[in-house]
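Input: a single structure, listed below in structure tokens.
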Amino acid sequence: MEFNMPNKGENAPITLIRYNADECIETTIHSVEEMVVPDKESQYVYWYNIDGVSNPGQMAEIELKYDLHPLLMEDVASTDQRPKLDDYDNYLLVSIKMMRFNKDKRHKNILSEQLSIVLGTNLILSFQENKKKGDVFDANRERLRQNKAKIRKNGADYLLYSLLDTVVDHYFTIIELLGDKLEKVEQDMLSNPDPSKLRELYKFRRELIYLRKSVWPLREVISRLERDELPLISDSVTLYLRDVYDHTIHVIESVESYRDILAGIVDVYLSSVSNKMNSVMKVLTIISTIFMPLAFITGVYGMNFDHMPELHSRYGYYTVLGVCLASAVGMLLYFRKMKWL
Amino acid sequence: MEFNMPNKGENAPITLIRYNADECIETTIHSVEEMVVPDKESQYVYWYNIDGVSNPGQMAEIELKYDLHPLLMEDVASTDQRPKLDDYDNYLLVSIKMMRFNKDKRHKNILSEQLSIVLGTNLILSFQENKKKGDVFDANRERLRQNKAKIRKNGADYLLYSLLDTVVDHYFTIIELLGDKLEKVEQDMLSNPDPSKLRELYKFRRELIYLRKSVWPLREVISRLERDELPLISDSVTLYLRDVYDHTIHVIESVESYRDILAGIVDVYLSSVSNKMNSVMKVLTIISTIFMPLAFITGVYGMNFDHMPELHSRYGYYTVLGVCLASAVGMLLYFRKMKWL
Amino acid sequence: MEFNMPNKGENAPITLIRYNADECIETTIHSVEEMVVPDKESQYVYWYNIDGVSNPGQMAEIELKYDLHPLLMEDVASTDQRPKLDDYDNYLLVSIKMMRFNKDKRHKNILSEQLSIVLGTNLILSFQENKKKGDVFDANRERLRQNKAKIRKNGADYLLYSLLDTVVDHYFTIIELLGDKLEKVEQDMLSNPDPSKLRELYKFRRELIYLRKSVWPLREVISRLERDELPLISDSVTLYLRDVYDHTIHVIESVESYRDILAGIVDVYLSSVSNKMNSVMKVLTIISTIFMPLAFITGVYGMNFDHMPELHSRYGYYTVLGVCLASAVGMLLYFRKMKWL
Amino acid sequence: MEFNMPNKGENAPITLIRYNADECIETTIHSVEEMVVPDKESQYVYWYNIDGVSNPGQMAEIELKYDLHPLLMEDVASTDQRPKLDDYDNYLLVSIKMMRFNKDKRHKNILSEQLSIVLGTNLILSFQENKKKGDVFDANRERLRQNKAKIRKNGADYLLYSLLDTVVDHYFTIIELLGDKLEKVEQDMLSNPDPSKLRELYKFRRELIYLRKSVWPLREVISRLERDELPLISDSVTLYLRDVYDHTIHVIESVESYRDILAGIVDVYLSSVSNKMNSVMKVLTIISTIFMPLAFITGVYGMNFDHMPELHSRYGYYTVLGVCLASAVGMLLYFRKMKWL
Amino acid sequence: MEFNMPNKGENAPITLIRYNADECIETTIHSVEEMVVPDKESQYVYWYNIDGVSNPGQMAEIELKYDLHPLLMEDVASTDQRPKLDDYDNYLLVSIKMMRFNKDKRHKNILSEQLSIVLGTNLILSFQENKKKGDVFDANRERLRQNKAKIRKNGADYLLYSLLDTVVDHYFTIIELLGDKLEKVEQDMLSNPDPSKLRELYKFRRELIYLRKSVWPLREVISRLERDELPLISDSVTLYLRDVYDHTIHVIESVESYRDILAGIVDVYLSSVSNKMNSVMKVLTIISTIFMPLAFITGVYGMNFDHMPELHSRYGYYTVLGVCLASAVGMLLYFRKMKWL
């Protein structure tokens, strides 16, 4: 829906956090050459976060450094990617959409950004589409800094879980905000069905379609991470991934029931439009049915025939007025009987 | 839809029922330290019922005492959980929604509460979201107290079945009440389609969506309990779980056919609105078609031209009245022919 | 939809037919004690038909006599059961819905009755919900009485097939009757769309929903009978069950295409309502468009101004009449051009 | 939809074609006794075509002669059968629907006829529902007569493929004819949406439902023929059956997309009805809004009060006419601004 | 939807590119005899591109030369084929639809052409339906000509991947163009719902149906290429095919969400039509309700009774005008209260 254009050419900033149970060291990386390729015996887990994928040169350097498959690097660089999991023996590529509510601009609600995570031996490379102040992964970093945190005692696969958990939590926040919005729209529509609100319903629906398109493949990705018995994912982490999987299912089911509720609201709205039209038509019909016969009666005695004996009767005028009144009352009684009033 | 806020901080009350074929002893537990961790050779089956999950300290103590996985405890504590079954080797977590009709308040029909059951060796820990007077599990307790009850001769897995059976029976009750309500709504809508009732239909639909969202994952949970050949579930109990599974399917099929019937009622309602509009329009058209020509005729003879020979004719007035009558009768005959009358 | 209330307490009548290739003996059983538990070497196949399941005492006696599982007996006794197949090692429980057209009462078309068949070694126990004169199984009995019938040369599993075949044949009859009805409704709706018939369509739809709810699980039951390689079902009978299965699929496909056709009829009906409204509106608009300008013209010359030269013109009156005629004809030509006439 | 009543009792005509790579001999068979039961070493492939299944005696003779299973023969004889494949060890029964466009009668488009093919060792028995002049299998016979045809060098399973291919080709023809018809209906509906054409759409839809009901099970039949590794079907023929299978899928996908397109046409039609009604209503409203105020103005100066100074004004009449004109023009400008004109 | 008629009889032009890591040689082939059948030890990969399949003679020669299965050749020659993958031991046939936007003609947007690729040992035969200037495979050829290109170092299976990738990229282009168009239609419909645009929506829908019919089987084809462990496809290429598969899924998901969005636009359009009708009806009703009573009042005082005292009252006329004004204002206030204004 909206993609921020990355400024090509510039080197993307890279930060490194390396940690083990005992220490956690944060560094800023200035060139790809400084990056380390850890092996199985590495003392630390290395997490490189690359904030931008638009510099082909830098990307190529990283590809070479870590001996990444060209397809993997291609997927990382193209930001209009369907969420997916690719297993390249020595690396795993998890490519998903990170979603956030846009608080700045008024006209677009959900911001989407591609996040590619490469999991290797004692290594995480996370590629974000573009740099934001106040990164979404700040919470994960904070947890890493705490000495006794569980995350410090576990490997790179647990860090992967932790990042995915953060992303899915953002989906949850969106779902909750949409849920509140839906409740408001529902209340509005039921108490005062207004054509202008229909457009809002339509936008709501589009957002659900958009969200759904991201979250269904995300479900596949996490399901495969959990079930495929990948060598880079340890059994203990599988348990945690199952938890993330359950959350993803929860998001999907919420999206589906929102769609269902939305359809119900549209139905109620449409039938309330029909009902309004019906009541407008009734007013018109009642008015016409009462006054058209009266207009005929007065028309008759407005004719200019020479021989109209009633005109000369003393009580003719009052009689006619009485007949008019009787006709009107009769009509009203008829409409009450028909339950139109 | 509605979650009662638990008062954080206070210790949740814990009750213990321990039983075997010979005896059944009920105790109130005052601190987690009093709780027992039974082993395979335990003489009794221990059922601890914890009425509240909002005190983190107490939860942590229980986690420690029974060596529960942190994820398990997290799922127990977060009450907006999707129904699920998690298998932690030595423990099984069954987390489901308990549904009840709210009899007190008028504006909300179905109350939902999270129920987490941990099954261990000779052990059941049941966590309810909050304390109610007249617990839903009173019936199960009563059965435990009876000396010769089947439940007394079986293990903790049979008790798990018994609790699940109670929960699914509550779904059944709701389904039956909704069924009665649907029949009433149906009768109402067919005999007297009224716009105000459409909102009721909408609420009904929302309740079905809500129920469905809980019961579909419940089906998965029970299906996996029955089929996954879990070591904590004995073969004889599998047979009983199959029975609960059948009931869950019955609930699901009822929800689906209610949705189907509801859609039919909405269709009938909408087309009856169209029909009403049609008949209103016919009345308007008949009235207009009869009186507009008459108004024209009287209008003609109300003109003030000097030379209008008919005005001086002796029977002009009566002729005009006759023409008017003939025109009206002709129109009525035409409408009868068109089957509008 | 309609369940006949069984009169609790009374013993249900039991009849026995025992047969082999040589003979077929029918007996009325007066108490459960008289019943026989055949073994593998039994000379006869025993078919006990129990016409009622509402006497708990009698049910308990049968349970004891044949050593039936309590869950099996519970399923037999509860008559609002979802069709199902349960395999208890030594017994098979087939619990299905028998459907018949009600010929007596006018307001309800399909009667449903639960039928539970227990298949054991050389044994069939068939439990019907309540006694009817002219039993649905009379045809099966008749076949049993014939000396050379295939059914006499086969075991209890073939008898089970034969009973299921009878039940599915009743579904077929209903499907055919509904098919005839649908054709009639279709003809009616296409030639003369009438709001009163919409309610009939709705009832038709409900019947299809009801039928569908019974026949889908029936399909599962028969599919499992055929495929699960149950020890109580011999291979030769599997072939016959496949035939019954095909019939069930045929019923299901008919129900689904009836639903599809029904939806089409409703669409045609609704658009014919729209068309009618359209033509009513056209009449109204034509009448108004012709007579409103005329009324204005006559109104002008009905004004009482002192200085209205036309009023004194000799041919003023005739001119006005001419203008009126021309205006009306012009309008009619315009409507013809617009294809409203 | 339409089944020709076979005249029971008469013997159905039987023709035999027996062939091998060297020769192809056609014979007319006068009684079942003349028929041959080929074995594995048979020199020829025997194809018996039986044109009618309504003579029970003849059917029974054939059953006996070839030692066919009673269920097989029952399926052949009952002509309202769901397409299916039954595997009786020594025989295969393929029972499908042959569909043809009816060129004679105007009111019904698709003719359906049951075709049962029994495949045995070097044997095909094809049962057609009733005799037609100009058989659908003439093309197959023609190919058999050609000396170097592939069909002559292959066994009975290839002949089965060849017959199925002919049947599926007929489905294709129907699909193409329906496609042409759909394109015509589409053009009609888009250029001139006419209520009378809606009925045609409905008939089209019914035909699609009917076709679909036959072709879905046909797909199953051919899929199973190809995949089930049946001993009577050789591997080389499997390749050909896969081709027929692809054609069946093509037919199914066409039916589904026709249904989709049809739904789109109905939507366009319905909204064009709404639009027409809208424009009718606009005309009515414009006319009423222009002339009702004018009628009021003329009505005012048609009143007979003694003291109405305007009546005596010299230019009163012209002023009123001017006001009327100004009011009408004002209204028209307003409607143009509202985009109603 | 649109198939260019190939001119039968003429020989289709054939071009050959043979390449290995060292060189890449392009040749034009004048007769089938010149074509080479490479074996496993072949130095080069041979890619023959045949621009036309309508010359039966030429086709038969190729069939003979490469010993292709008759069914394979039949599928290549019939251009109205469902996309499919056929595995003939020594050859693979991939038959798909190539889609392109038509830039020349205005009335039809998507052009479809059948593309059949035969993969053999070190051999690709690509059959295009008809010759175009500026071939879609020019980009692939260009890559082959580059000395260090990856494609040069890989086998015929990689070339197959490269061709499929090109085809799927064209689908992507179409999807993007349709996406832009959809956004434009959406904007149009939301800002100014116009009946004439509905037809455009319908055409859009048809295009989606058409695209969908091609892309779903394409997905199957590529999925089977990737998963079926075909001997002609090496493991390293499987990784690339997975990438193409992901793109195909992306196309499918886009088509589905476009359909979803389209349905939403149609709903918004239809309800805006209802709203417009509603506002038209309100104008009519307001006008009628205001002026009909006024017309009645003026009608009363236009009657010619001898005894109508009000007529002679000095302020009668002004009183009547006042009453008219009051009535009109009262009505307007009533409509404001009803929120019709």
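For clarity, chains are labelled A, B, C, D and E in written order, and residue numbers in each chain start from 1.
In the analysis below, a contact is a pair of C-beta atoms (placed from the backbone, for glycine too) under 8 Å apart; a residue touches a chain by one contact, two chains touch by 3 or more.
Keep in mind the model is a prediction, meaning the values are calculated, not measured.
Q: Which chains contact both chain C and chain E?
A: D
Q: Using the contact definition given at the top, which chains are in touch with both chain A and chain C?
A: Per touch definition, common to chain A and chain C: B.
Q: Could you work out the angle of the rotation that brings the CA atoms of chain B onto the matching CA atoms of chain E, rounded to the nearest 5 degrees?
A: 145
Q: Quick check: how many Å separate the C-alpha centres of chain B and chain D?
A: About 42 Å, centre to centre.
Q: Which integer distance in Å separates the CA centroid of chain C from that of chain D?
A: Centre separation, chain C to chain D: 26 Å.
Q: Which parts of chain D, given as residue numbers and ranges, touch two or more other chains?
A: Answer for chain D, listing residues that touch two or more other chains: 274, 277, 281, 284, 288, 292, 295, 299, 302-304, 308.
Q: Beginning with chain B and moving on to chain C, name the chains as they sit around the ring.
A: The ring, traversed starting at chain B in the chain C direction, is B, C, D, E, A.
Q: Which chain C residues qualify as touching chain D in the complex?
A: Chain C residues touching chain D: 150, 190, 239-240, 242-243, 246, 249-250, 253, 257, 260-261, 264-265, 267-268, 271-272, 274-275, 277-278, 281-282, 284-285, 288-289, 292-293, 295-296, 299-300, 302-308, 340.
Q: Mind listing the chain B positions that touch chain A in their complex?
A: Touching chain A: residues 69-71, 74-75, 82, 84, 86, 88, 195, 198-199, 202, 205-206, 209-210, 212-213, 217, 266, 269-270, 273-274, 276-277, 280-281, 283-284, 287-288, 291-292, 294-295, 298-299, 301-304, 308, 310-317, 320-321, 324 of chain B.
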